[in-house]
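In what comes next, chain A is part of two complexes: it sits with chain B in the first one and with chain C in the second one.
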Partner chain A sequence: MNRHTWVTAPVAALAVTAMLAACSTDNKAADGGAVYTTISGTNPITAGAPMNPFNASGNYFLGYNTMQLGFDKLNPADPNDFFPGLAKSWTATPTSLTVQLQDKAKWSDGSDVTPDDVKTSLAIALTQGSATVGAGFLTQGLDVGAVKTVDAHTVEIDQAVGGKNINFTRLVLKQTIVPTKVYGSLVPADIWDTIAASQGSDATAAQAAIDKLNATGKTISAFAPQTDVSAGPFVLTRVNPGSAVLDRNKYFYDLPKISPKQVVLRHYSGNEQIWGYMKNGELDSAPYTSIPTNVLDEILKAGNKRVDSLHYVNAAIAFNESVAPYDKTAVRQALAYVIDRKAVTKVGEPVGGTASTHLTGMIEQATANWLTPDQVNALNPYEPDTAKAETLLKGVGFTKNGDQWMLPDGKPWTITLQTVNGFSDWIAASTVIANELTSFGIPTKPALTADFATYKTEMAAGKYAVGFWLTALGPQASAAYQRLYGADNGFSMRGATVAHVSGKGSGNWQNTPETYTVGGNTVKVGELTAQLSALAPADQKPIIQQLAIATNQELPVIPIWDYTSVQFTNDKRFTNFPQQGQDALLNNPPGVWMMQGYVQGKQ
Partner chain B sequence: MSTLAAARARRSPWRVTRRVLLRKPGRVIGLAIIVFFTLMAIAGPMLYPGQLAVDPDNIYASPSGAHWLGTDFAGSDVLQEVIVGARYVLLTAAISALVTAALGTTIGLVAGYHRGFTDSSLMRVTDFVLTIPGFPLLVVLSTIWNFGRPLEMGLVLGVTGWGGVARAVRSQTLSLRERGFLEAARGLGLSNTHIIVRELLPNIAPYVAMNLLLSVIGFIGAEVALFFLGVVPFTSSNWGVMLNEAVFAGGAINSPQALSYLLAPLVCILLLTLGIVLFLDAIDELFNPRLRERS
Partner chain C sequence: MKGFLRRLLMKLIAGLVMVWVVATFTFVLVHSLPGNPGDIEYDRLIMQGTPPEIAQAKAAVVAGFTSHEPLLQQYFGYLGQLLHGNLGVSISYSGVPVADVIASAAPWTVLPVLSGLVVSFIIGVAGGVIAAVKRSTRWGGLLTLSGSLMAGIPSFVLALLLAFLFHTLWQILPYGDTSDVTLTPGFNGPYIGSVITHAVLPVSTYALLTYGGWLLTMKSSVVSVLGDDFILAAELRGISPVTRMRYIARNAILPLFTVLAISVGYMFGGSVLIEDIFDYPGLGNLLLHSIGRRDYPLMGGAFLLITVAIILANILAELLYSVIDPRVRRA
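On to the complex of A and B.
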């Protein structure tokens, strides 16, 4: 090495290091504020995707640059309990909702958030598949009939004529609010006429209007805005293949509460990548991911803190009852006695799962809330008991040939247990279930579907006789039972009555009977479920109790485990995170925590 | 013993094979590894009949006397999975390699010997096969075809993988057909079948044999990759699925506890590759008369 090189090499190296340091995603932004690093649990970063909340793979991040009127607290006792978002407050009547917008609510270009923005946003929401044919009340539909400007900061949202959906407030508050100046040109001038037609009693005209709305929806979904115009605490400034960078929105209505100067959302292709980030201490918080115990230990060792909250989701084994022998209650009950749910949960979801004990179609906490202690005690817990399973099967004509169970028609009984590629918890669980059922004498093989979208499509087409499914969605019991006795089971509202369809193309893949007989009484599951959407929580109790007891007896699904939302926070750079027990906050993304004054940078 | 008898004994195939093998220790090691895995594939499922036992109280247990290679995500014995899983992996690779060698050699020989229209037609088909992106095709096929059995997977891999062999065999055949011994054979009025099978095939046999073994390595990689990516049906006793589970569900990259579950199939693939590469040297000498005479 000559002298010149000897002298310049270290200098050049220092310069390169300095440049790299300047270019890297440091934990301090340029003007001294701290950078909050996390991942978006709902959508990984897609470089090049539009900054459009109505695009399926768009780059939009709820609570950061995407705002709603409010943020759901997931309160099972009050479906309309929300944190304020762009709405400062709201007043609901049985048929309308009046929203007072935040006084200082502004878009990131400095213009005001107006009632007109709300009107445009709700019209767009109805183009995204939220509209219901005809008077589709008592369903989960967003039945907005009209949006009226009261004053510069007040907007009145009316239900469609005749609508009395008790979930109307929550449905409206959960809608994404976008600026009219960006999206307004995509919305046809006569859209509210079309919406009115879609809600009319003329079925043909209603369907034509729905088709028109859907066509507009497709245009809006494909739209790619040039820049992000956000009313949230952050604005999306750039998207790299590895991360999305959001800078603090200086026009945000409650700016003093927002401590991070910048939020970096890291890209991930799978859980193992997120585990790696946490193990390296790179994330300030991380949402729920399915996680094995050995990895949990490593994550905790790295200084991350585990924070659990209630999750209204259950993993269950679902049946297509049009396929024999799953149409027999005794068969489903026998399978419930064979499957050791605790053992399956230990393998499938050891950290974020609690084995189901009461099998009511709701998560355990909801069962305890809605049912009396006597009712809970009277439920069949289906503790593992192969002797009971044998008795049940023999009672409906099954026989045993050596070690293998034979169907009543004399053919061997085998099961293909369908799961989804990438759902590691379901796949691991299916291994144990297959083992248990095979040992019992029913040769069982797990099978994978390539992705969840295909899985849902094929399941709806009735392709699988037995497969994993997510149930007990909540927090409202109506949502949980819609999952069992709703559209997937052929039930829908037609006017004021509940209709039931089955057969090819009907979307009914569960094919349970329309009624169950429980304790000598007839339980009309579809009708009762539909009624839940129109009743106040206090009035829902007797119906929920009937449905829970009927579900426990008939087992249209075998619940395996309730999910627990296991999140992690790391106080290396920030403090004042929501703590265990603050489920309402923890069920929302960190952007919402920040809006409530949580997450402050360490000095 | 007469001189003639002694010469015959020296030329006996067994003695020649033994001599070639023993010339370098690496060849013996290679053969031993291949035999070991072949026996594992044949006898493995017989050693562990029935269901793979699960033990939810013993997940990712470290290697011990009870579980030499530890346990997996369900508490199943990793050694048992590796042994039982060898059959699918090796049988698939063997079927693929045989299909590739048979198709590639036949088409290459016929095209190279006949030339003209036959050559053009067969080479266009070969070009078509070469342009098929094998791995993406398998990913697509896996959505409509169940690769639960080795025969299905082996056939697809083999049928899409013979193009390169056919091209190379054709080139060698074109070169050989101008040699004197082939001109003499044609002059003697021997049939085309006789010339191709009895005169040309033995001369390209070393290349085909080596390619057969090398393609086994390639096909093991391809099938394990498909299972690793999770695009084909899940069977827990398969090396690719073991890798998938270890990385994506067990966190082997982030936690040492699942490491033996990850390493077990990896080491098997590595050892098998090493065995084949070491043994290739012997195959080359065995099938190549010039090398044999030189030694």
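On to the complex of A and C.
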């Protein structure tokens, strides 16, 4: 190689690179206007995973190319309140559900969506662990016994014999519907016989059938379809290791409502990436992330609009009541009086948090929904009041030595407040709580666990006396109370009765008493929680009221803040996004917004 | 030739023993981590708002891919699989073979790591020679200073700085993927251009991080060779400066080849942090995913691959050294 070549070779390589990069930019611009760019908050793109909704890391995108019969409105008063999906309408009886499919429902290859697809999909759902759910949990499983074709667009789904699952409609409507032509070959011909055997009274035969279903389920979840066959508004064209592109499905049953020609979903591995994309104005909408105030300002400055909606999650301080002095109600109440929840929320979750006010184990809106105004007013709000805290502590034998509180046995009382690495809101909040408790005379230090998996394991092993925890999960009160009075508290179903276990290896790390005494009455928290999942909302009310009042009195956890789902939309390329107040829509992915006629391209 | 083959055989046997030791160590290590895949899946789904009964069902499927055999039995099963070249199936990918998952991520680590290493090696070595030859000039001093500075910057600081400057502030380089997903993959200009532009940030980080080390090592090596008698003799014999420089470079570069081969392995390990910051979907990000989900087979596979890369690089370095330096060959 001569001297000139030494010089010209790298220059030429750089020039080619620049030219190629320029070509790539031009190509991107050509499709610009109609491309909707967002992030799937619940299902990040996973490099190398199959396009399979039954795979735990699968690259499938609900509301875009993955369809259900309906989409949950998360209505706490009516668990069966759904937006239509592949089901145009449905009629429920106590033991069955009859679904009318969308008249024009087609797969992206042009073939019809049929009752047989629903039957295949529900059989698959029963191989995906559903058959084993119900055993031991305070909830009921899918319980589908039979699926019958009524006509070309109507399908009847029956509960298993003797089934009285009040969540049957909700559970069926939430199942993913896949094409028989793609998944049918993976489903054994005798699967409904196996399902029937799994639900039979012969325990040995039932277990053998469940094992067989689970084996089929494993094969299905590992399956990698070559191409996407979608009945949704979009069909998956390509999955990169870090993004996915979906094209509009020309066979979608309500095509005129779908404005974007293409959807690009970006990958994220942390909140910072989502913030970065928003600051650059690259996203048309962004899912909820926990966000600090300074970042919020930058995101808004970049032209993004904030849209808040209800989020059924609460951050709380949880106790292991097998560790003294947290077994004493007065101690937990005293701590609730010392912690200024508004001040903590202002630091921990200033953008997406609202300080808890009524401490019932549910988020505030759910409390207002289930309790009467008189009951709400009668709840103890535990406003910051150190004098009340002192009285409570002295009442159970605590003393003060100078500024330091001493336990009833005379030893100094200190607290280690456990949080998790990466949970920035909990970490910030723990610092404020530690300062407040230390000022009150209980030296408190925050401590970090390496990751959530370790945290959960160590918490279950009873290693932490006081730590952060998520409570009030989900719109249904049964789910919220299972978080407090479920498996983590040693309650499980044994046949038709609720059993309670405690001690090492039991998984019971909360260790509350099995019953509380409230207003002279005994409240069996585990039993009441188990009853909730089998009752219609109207019948749940008196039970929820008992549980809420008991929780407010006993404080198995101290709720700190309710999360708010802070999402962002950007109207640079699209308009007509759902607005604040449309919680039912906002709690669903943008693909569902589009199916309802929202999100129109700017001309 | 016979001696070379014998040396190669011995190295390979030693390498295999090392792979067994590391495979055993990583097996014990990953299974000692607290947490289990089923519980993690349940919590992940619950936090996303999935109803408990559906979360329980999905978690049960994930748990179904977890072995419940005694650990010793699992270990021997794992070794048996390894002997057949089988890394097992991934838990978090619901039964997809680990080898397939790793194969889909590996190119996106190999490409930037090797590119970064080659770029930094060439620039660092050239800079080191200049810094040594011109060590008493201002340029020599500046080059040495730049090497010291770059060698001292922590990788995450440099990566964050480059991401902020080129992606957030000036918005001239993309991150978060391997290419523009709207382009058709293949041997076409736009796609190749997009792959290159998406790799610029991680490659630059790898290159800048290691450039200082090459420069300083090369400078020190050249300075040492410059004082050797054979260089003085060559000068006295009137041999041209270009030929003398070839003598110097050939002798000075020897120690760097060993370091170069070893660096390949270590940069695979270092990819975890850099890929995480740039959200670049290679082996580093895969390893983080597998740890977060307690996917034992995937963790083991990824660790093993990185280890094998380091061991192979070491073997290659030693063999290369004997090829380049006749004194080693004779010894």
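Here is the rule we use: the second predicted complex is superposed on the first by the 522 of 603 C-alpha atoms of A that agree within 3 Å, B and C clash if a C-alpha of one lies under 4 Å from a C-alpha of the other, contacts with A are read in each partner's own complex, and residues count from 1 in each chain.
The criterion applied here is as follows: contacts are C-beta pairs under 8 Å (C-beta built on N, C-alpha and C of every residue); 3 or more make two chains touch, one makes a residue touch a chain.
Since the structure is predicted, the reported quantities are computational estimates derived from the model, not experimental observations.
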* Asked: Taking the superposition as given, does A:Gly276 touch the first partner, chain B, the second, chain C, both, or neither?
  -> both
**Message:** According to the stated criteria, A:Thr431 is in contact with first (chain B), second (chain C), both, or neither; which is it?
**Reply:** first
Practice problem: Could you tell me if A:Val295 is touching chain B, chain C, both of them or neither one (first, second, both, neither)? | Solution: first
Could you look at A:Gln226 and tell me whether it touches chain B, chain C, both or neither (first, second, both, neither)? neither
**Prompt:** What is the contact status of A:Thr457 with respect to chain B (first) and chain C (second): first, second, both, or neither?
**Reply:** second
Chain A contact check, chain B vs chain C, more residues touched by chain C
| request: For A:Ser185, select first, second, both or neither according to whether it touches chain B, chain C, the two together, or no partner. | output: neither
Chain A residues where the chain B and chain C footprints coincide 270, 276, 279, 454
In the complex, the residues of chain B that touch chain A are 51-54, 56-57, 59-60, 73-76, 142-143, 230-234, 236, 245, 247-251, 253-255, 257-258
As the complex stands, chain C meets chain A at residues 33-36, 39-41, 43, 46-49, 51-54, 56-62, 64-65, 89, 91-96, 100-101, 103-105, 108, 163, 167-168, 171, 176-183, 185, 189-194, 196-197, 276, 279-281, 285-286, 288-289, 291-294
Listed in rising order, the residues of chain A that touch chain B in the complex are 270-272, 275-276, 279, 290-295, 297-298, 343-344, 346-347, 350, 419, 421-422, 424-425, 427-428, 430-432, 435, 438-439, 446-448, 450, 454
So, in the complex, the side of chain A touching chain C is made of residues 17, 19-24, 26-28, 31, 35, 41-42, 46-50, 52, 54-58, 74, 128-130, 132-134, 137, 139-142, 167, 170-171, 174, 214, 217-219, 221-222, 224, 238-245, 262, 264, 266-270, 273, 276-277, 279-280, 312-313, 451-454, 456-458, 470, 473-474, 476, 479, 482, 587
